[in-house]
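Okay, so here's the structure we're looking at.
The first chain written gets the first letter, and so on, giving A, B and C; residue counts start at 1 in each chain.
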Amino acid sequence: MAGFKKSSRNRSVVTHKDLVHIGPGTLAGRYLRQFWHPIAVAADLSAGIAKPARLLGEDLTLYRGEGGTVHAVAFRCAHRGTLLAAGWVEDDCIRCMYHGWKYDAEGQCVEQPAEDPPFAKKIRIRSYPTREYLGLIFVYLGEGQVAPFPRYPHYEDQGVLEVLPVQNWPCNYLQVLENFPDIVHVAFVHRNSYLLQDERTGIPTFLTDESEWGYTTQAFFPGGMYHCFQFGMPNITDFRLPSIDDEIPYQDRLHWSIAIDDENSAIFRLRLSRITAEAAARYREKHGAAPAARIGPTVAELGEKIIAGRATLKDLGRLTDDTVVISNAQDYVAQIGQGRITDRGREHLGRSDLGVILLRKIFEREVRAFAERREQKKWFRPESLSVKLENRNQAAS
Amino acid sequence: MAGFKKSSRNRSVVTHKDLVHIGPGTLAGRYLRQFWHPIAVAADLSAGIAKPARLLGEDLTLYRGEGGTVHAVAFRCAHRGTLLAAGWVEDDCIRCMYHGWKYDAEGQCVEQPAEDPPFAKKIRIRSYPTREYLGLIFVYLGEGQVAPFPRYPHYEDQGVLEVLPVQNWPCNYLQVLENFPDIVHVAFVHRNSYLLQDERTGIPTFLTDESEWGYTTQAFFPGGMYHCFQFGMPNITDFRLPSIDDEIPYQDRLHWSIAIDDENSAIFRLRLSRITAEAAARYREKHGAAPAARIGPTVAELGEKIIAGRATLKDLGRLTDDTVVISNAQDYVAQIGQGRITDRGREHLGRSDLGVILLRKIFEREVRAFAERREQKKWFRPESLSVKLENRNQAAS
Amino acid sequence: MAGFKKSSRNRSVVTHKDLVHIGPGTLAGRYLRQFWHPIAVAADLSAGIAKPARLLGEDLTLYRGEGGTVHAVAFRCAHRGTLLAAGWVEDDCIRCMYHGWKYDAEGQCVEQPAEDPPFAKKIRIRSYPTREYLGLIFVYLGEGQVAPFPRYPHYEDQGVLEVLPVQNWPCNYLQVLENFPDIVHVAFVHRNSYLLQDERTGIPTFLTDESEWGYTTQAFFPGGMYHCFQFGMPNITDFRLPSIDDEIPYQDRLHWSIAIDDENSAIFRLRLSRITAEAAARYREKHGAAPAARIGPTVAELGEKIIAGRATLKDLGRLTDDTVVISNAQDYVAQIGQGRITDRGREHLGRSDLGVILLRKIFEREVRAFAERREQKKWFRPESLSVKLENRNQAAS
């Protein structure tokens, strides 16, 4: 078992460095492979199309059979190693573009056009369980028994469910995860942001407690806003934001922050407007079925410009009129500005970091249990864990 | 002697890993330095001009004297190390741009404008034998006695000899070489390609046998086409393709696939139309003295797009109308899609790979003989080795 | 003490390799930190603005307080490691954009909005002494007592002092420094250059002698020009050039060649026209307060094109009509063409390299004294060290 130290009493000591590296065979990588992760937006993969995909430092081939079912198999053909994603989808199989070896959805080689038949039977590549759910494609990279697939009934309900564009963050996944429980950052990172155009101004106080699912953060803003959001292990955030639409008081968000590899992360994001069918039709007409691709600088372009010193945060409003891009670029500077993999050995944490500290404590404890083959906590989401966004000076939402 | 293992009986064991690395001092690099290699297209180097060039991981300075003779010397000036290719050509000498040290074609320093004369006599940089032949510039990088320069009389004959644009392949040279004896790939890689608009459809059967020059491959296509091509050690391919011109039944191709360094290769390509002087004039008028530079995406742009999953092979016909670019992009995906240096330890070879297996066997045997200072095979091309492209359902060509 | 070898008699032997690496903790890096270095152009940093900066392989945060004073502190916030340069300047303090920690100009944390007050007192980041002088911002990176700030009264005098655009050289600082005492290079590198449109043609003879400040070079050009320039340790050049203006016989230049990191250097450049107030007004009207940004290829674009063999030095006049860019591109090819860090072990130095040899000798001697904690030479500039540019065939300037 590689990637962690043993103390003098022969118990493993898992440190934040063990959490950073998530490639195949690493300790945190093997721990995270016990969970289902989103890997693509369902609408981005048409029937009969294959694409390369990367998750937890592992390349794989994602394809949608001609009948519409999504499959995931190893990245390379077992024959000469060419990427299978360049191949042809046939029914629920994928055929390598180099010599036509054909694999079924279980990774079994079922045809080798220029070989004698018995050979194919001996060839099997890795295949990965997949699920399509809430407009996303999920995959399970773990060895052994496949974990039950978790569902989020609230997001299956009536209303408009939008899959927002995937965000890419060129830094370690922990930096992205640590931004969520860190409620104080809102007051500074987003101080010139639409996110603070309501009662969420000023420095909030907050409580963060471990939950059956992960942790719960309750934030109390001086302006009267109360914010309660839920984190689900290992990378899910469920929270409520002010709505982009006048007719709707708020919108719910379900996010997964995945590690593409040690230095690249992505966030898959759902936005739910719980409205009646009639209101949904109006909403769709106003906002489009999916948020339109923006013209103008991207979040990464703006963020990198500021990190390089060629612009300042104050310039953001002049560089784009997209308020969401501004808010994301602010987060980009905060997180990528820590370095691709930040040096946590130099930090000085305080009272306001209790959420970050709890997140790390949970991860370290669980990865240690995993390393020592002891029982891990069984994470699940009970009904009682709710998300809230309420102005306590006014009526509750 | 570095770069290979010795077995228990003190005999060297050369593996494919020893073949991959070809820089100065490596085993395969020293083996390959016993051969002449093309390094530039003659027409790309005007009289009085110097250029940097790279072959087998070695940088050098290529220049054409004012009288037209091509020379090759070391990459850097012996004085302060600036690249000589930025210098001035004077007669058959090259003068460094930094302090004017002047070297003759043998690399002897013949002038140091700001030094006392005896110093220059002590300075000599490496020079390399060069030859200009069939529109290409060849160079010999080996130590010791220079190998005889091989000629290809067939390509010196009457007709139109065209030097096609050099192809660049950002992968190891072995991946490029292994694509040639791999005749089955044509049926899959090029299945949507002009190359298959004739009787070369379906999965061919083939024979590959070692020859006095390298190996001979004979391919039998189900549609009736018979294809016989010759490989010459260590990197030459001689074959016949359907013609691009209505008046000519076929055209002959002589290719050299060189290793620029471990992760970059190039193919120098000649196309011969054996036609009378009168037909040659018509051909030149129709097709131009040299194939025109194309407008549109390059082979590498298209190939990288597919490898990254931003396009599929099916999109090629929509992305360009250049059929040759399409066919090259297909090969690009197959070869670069294996990775810059493919992991041969994970392959599963079969009956259809007999050509690839023979190629590797020859290389391993010869490099082993070289490593053990035993006699290597004396490669030469006898008259009997011919290339053929015949439709056996119709008349022979 | 790292980074140098000890001889058998336990005395350190400093070689050129010890001079190349200048990051924090390296021998040459610690030696160079005993000097003040320019790090930015004063006009590029407005009041209330922060920017990242890099010197000697060390990142830092440069900012100008709202009252106009320049400060330099550590690159990262002590809290969670985000770059401070993205933060907000408040008076003479800088506030981190992530959680609002505020530091004063001494690096003392003076506010942590979401923490209890005693915590801030314990947090202090590195701060660096800075000076604004002659239109440049200087910084002192050394430990311990701060060296006296050197002044250059000649450049404080009446006249027009212009800060020229900073030049970036993607190579080791020693290659940039060695170009100065190397007077012979002018005759070759710049042989097609405006620099030689006067009596500075032909191969000069020269004398280089150590001075109280560094070294003095006197060059005698065959055409009659006499050139005397001064080098000040460790990276200052003071010299006189033909003027760009008809009314002025010559202009003086004060340059600092700094090491950004091991593979990147920059030159900060001042140009002084010693003219009366009336002539200064005319000059400013003709030439602008600061040299205008040029349209056309940059020095680096031209230089890289030549190094890659896609153009030759002869093409420069066709690629741009900016004579200064041509002259700089010539130097770019000579210096970057040696490689990012040149291999001095392969050099062959001669009589014409006496200046380069003296420069290295001084550096090696002083760094050795530093390494052995012996007394270093106290560099200073006496009145007697003058710069000259005279045509000895005509009247002296």
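Remarks
The rule is simple: a contact is a pair of C-beta atoms (placed from the backbone, for glycine too) under 8 Å apart; a residue touches a chain by one contact, two chains touch by 3 or more.
Source: prediction; values computed, not measured.
Taken as a contact graph, with one node per protein chain and an edge wherever two chains touch, the assembly is complete, since every chain touches every other chain.
To overlay subunit A on subunit B by their CA atoms, one rotates by 120 degrees, a value rounded to a multiple of 5. Per-chain CA centroids place subunit A at a distance of 46 Å from subunit C. Residues of subunit B found to touch two or more other chains are absent. Taken in their complex, subunit B has these residues touching subunit C: 49-53, 76, 78-83, 85-86, 88, 95-100, 112-116, 119, 122-123.
Only residues 182, 184-185, 187-189, 203, 306-309, 312-313, 330, 333-335, 337-339, 342-344, 346-353 of subunit C touch subunit B when the two sit together in their complex.
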